[in-house]
Amino acid sequence: MINSTDVSSFLTRKRARHGFDWTDVLSYAYLALGVLLVALPIFWMFMSSIKSPRALVENDPRLLPHEQLTTPSADGSRSHGVFLWTKPDGSQVDVGFIGPRGVNARVFEIGKPAEIIEVPRSQIVRKEVVQPRWENYSEPTIGSTQSRNFNFLRYFWNSTFVTVVATLLTLVVNAMAAFALSKYRFRGRDAMVIVIVSTLLIPPTVILVPLFITVSSLGMLNSLWGVIIPAIATPTGVFLLRQYMLTIPDELLEAARMDGASEWKIFWRIMLPLSLPALSVLAILSVMWRWNDFMWPLIVLTQSEVFTLQLGLSTFKGELNDNMHHLLAMTVLTLLPVTLVFVVLQKHITTGIANTGLK
Amino acid sequence: MSTLELKQVTKSFGATQVIKGIDLAINHGEFVVFVGPSGCGKSTLLRMIAGLEPVSTGEVRIDDAIVNEVPAAERGLAMVFQSYALYPHMSVRQNLSFGLENLKTPKPEVERRVAEAARMLRMEQLLERRPGQLSGGQRQRVAIGRAVVREPKIFLFDEPLSNLDAELRVQMRVEIGNLHQRLGNTMIYVTHDQVEAMTMADRIAVLKDGRLEQFGRPLDLYNRPANLFVAGFIGSPRMNFLNGTVKALGSEGVKVALDAGGEVSVPCQFQGIAPGSAVKLGVRPEHISLKDAGGDVSLSVSITEQLGGESYLHGTLPSGETLSVRLAGQTRVVRGDTVGLGLADPALRHLFHAETGLALPPLT
Amino acid sequence: MADTSIPTPSRAPANLVGWLWGKLGDVLDGPFRALQRHIGANRMAYVFLAPNVLVFGLFSFWPMLLNFYIAFTGGQSVILAERPFVGLANFRELLDCPSWLDPKTCPVAGFSFWTGIWNTLFFAVVQVPIMIVVALVTALILNRDIRARGFWRAVYFYPVMLSPVVVAVIWDWVLKRRGILNALLSDGVDGWNAFVGSNLFVPILAGLSGLAAWAFCQRLLRDRPVWLKLVGTGLGALVIAFILTSFRANLAFEPYRPINWLIDVRSGWPMFWVIFVYTWGHLGFYMLILLAGLQAIPKDLYEAAEMDGTSKSRAFWRITLPLLMPTMIVVLVLSLIRAFQVFDEVYVLTGGGPGQATKMIIQHIYESAFIGDAKRYGIAAASSMLVAGLLLILTLGQLAATRKKAGG
């Protein structure tokens, strides 16, 4: 939100005592470089995702999506690419390209599809227009190709289901536990807290095999519930919420108790609303975890109809190269929800994560 | 009838006993103040009555029914907390009606009671606001209102005025007094401020270290403190204590030789003392007068405080003990003067056992 | 009296969520209230704890125990009863090598395991310090008196929000043999060579060296008269320009040949890019934590130091770093533990290739158990145990070391 009329004061307003010095120049240069490094690859991918399949196969290095003009053939049955022919006398004319013959090309002038002439290939250049190809997006989602090898809507629904349900369950289950651990005195409470905190240090990746066997013996393989349930009781969540709930004064709960509220009602009507800041941090974290989760779904889900977006993308990437235009477009669609959430809640997310030190 | 009775009530947290056996009976409609220094257990006692803290041993009876095991919500009490404990995410109206809704009170009844409480406490305009948008005094009123709508048998107040500034405190004191007049309920009020206790209470319970030191009407506590602690705690400025030795016992009472020089007689009974016993003489500053010549003791004045309507002298006696004097009006005495003092009318003198601290009862 | 009551304001539409929330709570309140009446208020704590304990026990605690059992069994069945007890055979297969340093001498499972271990160790040892230094520098810069700090912070943090799969797809696309990076490098080299050969080379070089010399003289001859600075500048510019023009022919590069960044077996590029991409995706998180740590340092400390005449660099070493130490330790432990578990990005980006060049230990565990016809759960479980042990030692050692340092 730099006021553009104010550029000079922006450049000079630093460090009132010393004026604008070379360290500031370096700082901004560093920051700008970093921003380029972050933004360029993503921007490049987005620009690539609206290019035509041919431009992608040919690795057109230009930033904008160029597409060759086409013109219908004499009988109208097929279309030919348009080239610009520079005649030896210097005049130029648009021609339709039929096919190569030796070093020459067989072409026809636009408007005269019947008169086929041969010109040296060195004299013609492709005639292109800048045109984004949005079909890359529409084909795999609502178009005819969607059911073939990348069922985007299915994956999107699966990912959304997992994210929403898992986040809601995570919030309720962990908030209940955090409430018990922060506001009650009972035997074994401190031991519970220690167990939970110490499991923060145990990486979930080292229990892959037994967890898989547990989930499979419960019949949850190839079920979204097999992805959702095992991770809803996160020590991170309990820890985060408990720390916050400890700051809520006990007198509030006692007032509610005097007011005849049951323990459940105290939890639901007093504790949860007052823990909203911590709950929203956990909600954001959970959405991030679940939407981006890859390894655990990779293990539990092996049939493509229950794939999440991340699984679908990685499988699709591994499969083939000639669908690059679809892969890139779908990658953009996958990062879009997260990006939107981030743009809207940016401040909340960064301060929330910075304050809790959790990801 | 809502009476409250405590019988040998104790409370322990782990190994430490914080309430050491308290007996107390509170009548219907009484305004009782628990007063004592911080850490004396007065708040714990209140919370035990409320049901927020389980009783270790002993009985709590409300209307002659033992309520030790009855949950807080079902004892028919309401409490005003020190921090007000208003639900910050609810409007004032919701704060007031939350408790009634929990009790499944019919909706029209809830609205009637909320409106009545709002009118009584003059907060009709505040009903849709949140606690965060209220001033300290307004919050205080909402907290009281939340207790009022419950129409409880007994009101409990836990240092409710300690977060207010001096002026508001006086004002709220009056309001709570009016509320008691109007509702006629039993009220139990905890404070560490003896002025609040003196001005508001029908009866005061003075607590110290988990024990009940004295329970009685405010002026009884002032006039006849049962021991050194109560004598020192009630009254401002504090009562002066002078060490002395019993010289003679007679029909007029006890003759005491003060360490500071001079002799005074105190008209009191003399169980447990004999000539030679160490005693403490208690004299309130407001009962001491200047004597131009031949006073009981002489005071070398170190500080004079002139408040206009009254004056205070603080100084040292020949024995090294300090003494404060309150004089009506203004004084000419200045720092460095030595003045003669008359130590009160004999009937206003108090005599205590030096060891036990207990007061010797007056001659009747 | 009911008639004179203040009318209830309509709050239905604005508070629909709140109303639903309340209703949902009331519906659930019935059973919970009954339960509370039955067991007492204080024991409700166990009820609140129950779902968490159940899920946690079943899906965290029980698997931890189960892992021990599976590590000592063989076969390919997921039914525990059908898994034969094989004793230490799994561990023997992993550890029984002539030399752990040379995985090729190990049996198949051991080869994969030790390749993963060494790759992961290399990855962690290189990636973690680089990332922490870059994150610290970035945080320090953002902690300066910088305009639009929120914007910069958000941009640096943004990649953290992206899924590893997306990150891998993005960079795979950038790093293709005929991708944008090679195109840019090629253009850069061509452009530079054209510039070196062009007529503009000498004047531009002279201008630049003049500027450099001027800046240099400004600092070096700070208190001298202007004419001396000008003379110095002229001399300096001449010297630099002379040196550079005499090596002009050597300044041109070889024509650029595109590199297959992720597939080139003989070079170290695949590992480089794995480290780079992983750092790209995670840097923002650690930057954010360090920035929060920096901003928690009270400003008046620096003001006091300034009153004491402390130089900026001394303030950094004696105030900033010591006070940032707790945050640094958190960052170090977290990033090391995460680096050891690296899987997603690498698996999607290179698949562990080329060959085994970027195969990490978690990929070894994953592939042993879930890829191929032979599902060697026992080997995977045994590997997990060894990795867990390694991580535990690492964490404890690190904590002990930092504590000792802090204590001494």
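Letters are used for the chains, namely A, B and C, taken in the order the chains are written, and counting of residues starts over at 1 for each.
To be clear about the criterion, a residue touches a chain if its C-beta (ideal position, glycine included) is under 8 Å from a C-beta of that chain, and two chains touch if they have at least 3 such contacts.
Worth saying up front: this structure is predicted, and the values here are computed from it rather than measured.
Peer 1: Farthest chain from subunit B, going by the mean of C-alpha atoms per chain?
Peer 2: So the chain farthest away from subunit B turns out to be A.
Peer 1: Of the chains shown, whose Cα centre falls closest to the middle of all protein Cα atoms?
Peer 2: If we average C-alpha coordinates per chain, C lands closest to the whole-structure average.
Peer 1: Just curious, how far off is subunit C from subunit B if you go by their C-alpha centres, in Å?
Peer 2: Roughly 63 Å separates the two chain centres.
Peer 1: What's the distance between the Cα centroids of subunit A and subunit C, rounded to whole Å?
Peer 2: Here the centre of subunit C sits 18 Å away from the centre of subunit A.
Peer 1: Could you list the positions in subunit A whose residues touch two or more of the other chains?
Peer 2: Only 257, 262, 265, 269, 273 qualify.
Peer 1: What positions in subunit B touch 2 or more of the other chains?
Peer 2: In subunit B, the residues touching two or more other chains are 71.
Peer 1: Would you mind listing the residues of subunit C that make contact with two or more other chains?
Peer 2: 41
Peer 1: Using the touch definition from the top, list the residues of subunit B that touch subunit A in their complex.
Peer 2: Listed in rising order, the residues of subunit B that touch subunit A are 47, 50, 52, 71-74, 77-79, 81-83, 85-89, 98-99, 102-103, 146, 150.
Peer 1: Taking the touch rule as given, give the residues of subunit A at its contact with subunit C in the complex, in rising order.
Peer 2: 1-2, 10, 13-15, 24, 27-28, 30-31, 34-35, 37-39, 41-42, 44-45, 48, 59, 61, 173-174, 176-177, 179-181, 184-186, 189, 192, 196, 199, 201-217, 229-233, 235, 238, 257, 262-265, 267-269, 273, 288, 291-295, 298-299, 310, 313-314, 317-318, 324, 327-328, 331, 334-335, 338-339, 341-342, 346-347, 349-350, 353-355, 357, 359
Peer 1: Could you list, by residue number, the parts of subunit C that touch subunit A in their complex?
Peer 2: Interface residues on subunit C, with respect to subunit A: 21-22, 24-25, 28-29, 32-33, 36, 41-46, 48-49, 51-56, 58-60, 62-67, 70, 78-80, 137-138, 141-142, 144-148, 150-166, 168-174, 176, 178-180, 183, 187, 280, 285, 288-289, 291-292, 330, 337, 340-341, 343-344, 347-348, 351, 362, 365-366, 369-370, 377, 380-381, 384-385, 387-388, 391, 395.
Peer 1: For a test of understanding, state which residues of subunit A touch subunit B in their complex under the given definition.
Peer 2: 249, 251-252, 254-262, 265, 269-270, 273-274
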